[in-house]
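Dropping the structures in below, format is structure tokens.
Look for chain A in each of the two complexes below; its partner is chain B in the first and chain C in the second.
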Partner chain A sequence: MSAGRWTLLYIVAARLLLALSLIGESLKEDHQLASPLNAYPRLREGTYLFNHGISPYSGGTFRHSPLFLPFFSWLPDSPYLNASLWTLVDCISAWALVSIWNARSGGVRSRGVLLASMYLINPYLFLPSLATSTASFDNALLLLAIKFACERRTPPCLFSLAFASQLSLPSILLLPPILLLLLSDAKSHLASPKSFSTSYSAVAPVVLEFFAYFATLTGAATIATGGWSWAANTWGAGLILPDLTPNPGLWWYFFTEMFDHFRPFFLMVFSMHLLIYVAPVCIKFQHDPLYATFILVGLIAMFKPYPTLADAGLFLTMFTLFPETYRYLRYPIVTALLHLHAFLLLPLFHHLWVGAGTGNANFFYASSLVFGVANGGAILDAIWAGLRIAVGEVGEDYAVMQE
Partner chain B sequence: MRFLFYLPLSLIFSLFSLLALTACAADLEAFQRASARARIGQFFDRNAVGASSESKHTNNWAVLVCSSRYWFNYRHMSNTLGMYRTVKRLGIPDSNIILMLADDAACNPRNRFPGCVYADAGRHLDLYGENIEVDYRGYEVTVENLLRVLTGRVEPSVPRSKRLLSDDRSNIFVYMTGHGGNEFLKFQDNEEMSTFDVADAFEQMWQKKRYNEMFFMVDTCQAKSMYSKLYSPNILATGSSQVGENSYSYENDMDVGVAVIDGFTHFTLEFMENINKTSATNMQEFANKIRSHADVRSDLFHRPLDRTLITDFFGGVAHAEVIESPITTSVTTVSVESIAPEELGLREPVADLLINVSAAADDVEDHYAHFGGKQQDGWAIVAGLVGYVVMRERRQ
Partner chain C sequence: MHIHALIILASLIGINSATPTQEEEYHESLTLRPLRDGKVATHFAFTTLIRGAVPRAPHSLADDDVSQHYTLFPLALGQILREYAITELHLNLNAGQWDYDRWGQPGEPAVGSGAELWVWMGDGAPTSVDARWKGTQNALAGLFCTSLGGMDAQRTTSPTRAFPPAGNLPRLSAPHTHRLRHASLPAESVCTENLTPFLKLLPCPVQAGVAALLNPHRLFDADWHGLGIDVRWIAGKGVELRMTVQAVFDPVRMSSEGKRDWTLRSLFGRVIPRACPVASSSRITVDLPADGGFVLLPDPSEIYPTSVAFNLARGMEELDISMHWSQEVRFSYPLDLTSTPISAISVDRTLKGASQTHGDLALVLRNNLHTPQRVLYLETLPWYIELYLHTLSVECGHSRPYELFGNLTYTPPVPHGSPTLLQAELILPPHERVRVAARFRKSFLRYTEHPPDAQRGWDLPPAVLVPEQGARARVYTRAVLVDLATPDFSMPYNVIIMTCTLAALVFGFVFNMLTRKFVVVYVGEKKEGDARALERVERSPSKEM
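Coming up: the complex of A and B.
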């Protein structure tokens, strides 16, 4: 086995040992790592109610999709089992990431180990996995969907995307770029943009197939729980924001201090805000849909209602798929330091607020604003670099600027 | 297409390892549960307050009254606050304590240590502190309000925190301090409460089943007269002095400038310092500790003092029982006729309560039946979808 493979094995073994050491037991309810849609204790509460014949959505704490229920009500609640399962899910995600790279680069294998290890050791990704938050499942399904799209395997791609959308509704916004990806290829066209052309007859069956899978899964969930209450509690949670548990996102603080009169308006504004990014990004990067997917993943991670660190972690790890952009990033160090700053401040201010009682919510929200600026800076830099490549080399006397 | 050949084999292998892991996990869990049960049993046997206490009370209340105002009666307020801190420490929550202070010593302009009330010369312990809830303060402390609180005949507008919401399983500790005389207690320097009023109020409480047992402690001059006319059962009473005799303060603090504690209460608090929630000290030892001419009246009290715990009155100790068998949440309908109220130990008819329970049970039954029916269909659909996707994959 090559050195790279050994490295990967060590990393996986270290991850597994760290998870089996049950260091994550105290992290299960951590607000940065697990949101109300993701937290493991809530999942267990839902399966408990489910096993005793009570609707799991009657309690108000369980906001996971009903599709989690059969597997987790069968699985015993053993921390060792969870550790192994979550490490396995992360390994699947890393494998999917490497497959995406292979499809994009056409077989330059030497970087595969780097990508896999970037996924496995990214603290934004392995901490939620230690905390057994189901954000790891969301990431895995997204990466699988992108992988199958890069390999132009339509049914698994659309099924994974439909499943991912069932678990976390904002993921449905990735349908347009993944559609573009399915209809073109994953190879890097950033340097040579050309407009995307296809016919409706190619697009329509794919879209219909996605919505067929989505509808089937929705129907299965409805039949299984015997009603539509699950939709209001899972997808509705992202639209109505009933649960204002702190998270590293931008929504919760706004809505804690908002008067009820304005609440519907601002809920609409925040949801529309997510929607408006899809079309422009897909149009601008129609020549390289994988890059459009990447940008949208970052935007969703930043602006979704209940984010965790895992969403931003996925975006940052996907940077490794685009090494051609590295020389055109204008301020990578600033972004990296902002992320480091936010990563250190978020738990610190959370503890000051909730643990020690000497701070207040403003401290924590300020650190999540730093996190947002870090994410925003990364997205903006990625957009710049992606577009800048097309300009190519410029002479000494010239500089590329944005008007 | 080689992987297609290995696919079922790897599936079987992973299934097998998953089963093995599950078995290990279940085994580990059972072991942990058994050892946890053993440890819980040891804990309760070791600290079995419930085993040695014979009292049948389930909750504790305290009514602490300081009836005199003005700065020079600082010691009466610190008496009451000392008792307040003691019962709070031993577990009675603020919601079960009615604290009446006729004057505010802590925020009095003459107090050199604002916000603080001390009970010893040297000021080692601040009894006022930050975590205090005074229910009746200042001019609200009147004879009428005290009797209304005791008997429960309060205006509808009186908030819950100012009511004595005791029931027939409550042990109540009533403490009164102030200036007293032969068969009276002076309130606010302008009215008096007589011992007959107190006796009648206690009898009303007994008639309305507002207490299980009561401990009545008085620290005033001629304190014995205050409980001499009681005639209701299950009352243990103690006072600081005999009829015709004065009670004296214990010590002065030179910086506060007045006497800071009365003798009887001082010795009582000193005794209480050695009591904690798990203490098995009984009331006889307390009675023995009261020196000088303090007195204890126990003829109305039905239990022997050496088998009555201090914490029956001073503490809010909960009794817990470890149940061995697991409790299943099964739904059963309850028939009203089959249970006689006497069996349950209640004195009121239970028909109304049980009818509501059975109605709720029917609802849950319906919901249960409706919910549990179609799970398998849902999961079958998902499995079918997965199979369809795999099939399409293999066809490509």
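Coming up: the complex of A and C.
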């Protein structure tokens, strides 16, 4: 066994120990780590109601996908079991990330250990996992979908993506870049852009296949709960925002403070805003769909209705897949410091507001704005670097800019 | 001219005699109960019965109603009952917390703090039950000067198990049934403006009968006071309206010598000047305290083992009743009251936890009897308190006997919509303390949903316990205050501006980068004239596509 593998083993063991020490019990409903759509106590409430013959979707507490219900109804509510399960899920994600890297680099440069450890020790991903937030499941399914797309294994890829979209509806926005990825390859073409060459007639059957999986899962969910009420509670929540529990995103305070008569309009604007990035990013990065996926993951993490730190964590960890862009990043230090700033301020100001009662909601809102600026900075820098790399090296007396 | 008037008069009389005259009865009573802690519980009940009357059938709401004539029954209330085809109506306005352990069971069970309204009405009317429920609230709010209009869908439940009909429900043609609507406003206060319209509904308001004692200055000075309206239909008898006033006075506080002696004049500031001429019966009952040593004046008309009664007859003289303890120089307050409760169940409900995001609801029940008791536990929580039902635990002693808790019905809360309703049966072992606890989550409200005094907190309605044996008299717990996180109320524009700025910045920069061409610009020193400096090398990816 190589030193790298030992390192990974140590990391996994340390994570498992930390999870088994149950320090995550107090984090279970932390607003940064678990949103109303993926908090574990709500999941348990849903399975409890489900098992007692009360429709879990008749109220507003349970907003998880019905696909969780059969599994967690069967799984005993043991913190040790959960600790192992969530660590396993994160290991699967890390493994998927390494596979993505192998597909992209063609196995030339070995960065597997680095990538896996970047996933496993990223606090944005590690803490939600400790808090047993189902955001870890969303991330794992998304990474699996990307992994299978990179390996051009269409059915598992589309199935994983359909599953991820069931759990978290905004993930469906990743269908276009993942389709491009399925139909081209995962190799880095950032430095040598070319048009997307595959015939568009190949797209239709793949899209149909995706929607077949999606419809099957939707049907399964409907049969499992015996009705359609789940759709309004899970997917509908992202569109009408009934639960204004704070999170690190931009929606909650905006719609807490929104004038009632403008609420529907701005809900529409914010939902459309998420949609609007998909086509331009896919067109611009058609030569490298994995990069387009990466940029969209970042944009969704920033602008989705109920984000957690895990969404931003996935984006930041995916940065490690694109080492060729690093030298073209303009302000990585600033972005990193902004993230550090937000990461420290978010829990602090949250506690001051709802715990200690010495601060008000604006404190936490301000830190969520800082987090938004940090995410935005990272996304913009990634887009710049991804485009700038195509220009290549220029002499000392030259500068690259946009017209 | 005169002949015309006579004809009109005759026709009016004719119409009047054509409508069936309903026999109405009016009974009034006052019960005075000296309590162990020196206080006096008073309970007024004014009952009007329309013999042979039936509640309006819901389907008849489509037609014009028959004209209403009452001699004793209040027309203002009768109109409301007919307008919304209400079968059964219960309205209570109480202030303070009834202390079951010291005062025992109240004369009227509905003693939950604040306003409580529950109505049974049949469906099958052209307007929905909910629309009629809303109309009933607004009409009663107007009649009694209360803010009952705040009982919106967010507070309305249908706890049929804890609030079964007090009378009978007329049979409706299938598939129509009777529906219950229940809501409470724990923060609603009761005062003179509610009592004045209440008194106006009585046949003998202030001049005669026991109602003459209802002096607002004294009533609202009492330690606990409440008003109640109960309308029900009793099959074979008719529609009964029962108006009640309850108050717990503290003669020790009002006496300069610290004595518990009381008279009607000392309690109410008034005496009974004469009997109510229209009352079929009018009586005052005084429950005799167990400790003895008292003198009761004047001589009662009837004597029972634990109580005496005074009948107010026509032609009576002014009546003042007094009870004094001649041997007692000063009332010595018994110190063992809490350890020897006189109620069947002692109950305490509290919210725990300092956080504005979560808390624990704890209900501690103690069975004071020697036999096990089965009680129905009803918890109504507003939607912003989301109970985690899976954390519900029942503890008795050191064990966790789950068999003590069963037959649960639960309606989860809908955000911005409807409240939680939890009804469950509890078995209380004799002389045991049973603790029911559950964790809950506090929701975050829109800034427009907060009341003007947002920092004060939100009143949660009292929980209700209904013993399933005996008189089934409801027991109300304390109404508790819950603290919810507040947003900054001065920020709407700032938040909209700042969040939109961030979104617009990212949007702008992203599209800027995606749409503009990359160029290489010479930024070195000028060497060969301006031409070189302006040279641009276009190596944009889009060009190579």
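Quick notes
Everything that follows uses one rule, which is that the second predicted complex is superposed on the first by the 401 of 403 C-alpha atoms of A that agree within 3 Å, B and C clash if a C-alpha of one lies under 4 Å from a C-alpha of the other, contacts with A are read in each partner's own complex, and residues count from 1 in each chain.
By our rule, contacts are C-beta pairs under 8 Å (C-beta built on N, C-alpha and C of every residue); 3 or more make two chains touch, one makes a residue touch a chain.
Note that the coordinates shown come from a computational prediction; the quantities given were computed from them, not determined experimentally.
Once the complexes are laid over each other on chain A, chain B and chain C cannot both fit and instead clash. Touch criterion not met for A:S110: it reaches neither chain B nor chain C. Using the contact criterion defined above for the overlaid structures, shared-chain residue A:I54 touches chain B and also reaches chain C.
By the touch criterion defined above, A:S195 reaches chain C but does not reach chain B. More residues of chain A lie in contact with C than with the other chain of the pair chain B and chain C.
Look at A:T358: by the touch rule set out above, it reaches neither chain B nor chain C. Once chain A of one complex is fitted onto chain A of the other, the partner contacts of A:A224 are limited to chain B, with no touch recorded for chain C. When the two structures are aligned on the shared chain, A:T245 is found in touch with chain C, with no touch to chain B.
Of all the stretches 260-268, 350-358, 386-394 or 458-466 given for chain C, the clashing one with respect to chain B is 260-268.
Common to the chain B and chain C contact sets on chain A are residues 52, 54, 77. Put simply, chain C touches chain A in their complex at residues 354-358, 383, 386, 388-391, 408, 410-417, 420, 439, 441, 443-448, 485-488, 491-492, 495-496, 498-499, 502-503, 505-507, 509-525, 537, 539-542, 544-545. Those residues of chain A lying in contact with chain C across their complex are 29, 31, 41, 44-45, 47-49, 52, 54, 56, 58-62, 77, 193-195, 242-246, 250, 252-260, 273, 276-277, 280-281, 284, 287, 299, 302-303, 353-355, 357, 360-362, 365, 369, 372-373, 376, 379-380, 383-384, 387-388, 390-392, 394, 396-403.
On chain A, the positions that touch chain B within their shared complex are 52-55, 66-67, 70, 75-78, 80-81, 84, 153, 155-156, 159, 213, 216-217, 219-226.
The residues of chain B lying in touch with chain A in their complex are 21-22, 24-26, 28-29, 329, 367-368, 370-375, 377-379, 381-382, 385-386, 388-389, 392-393, 396.
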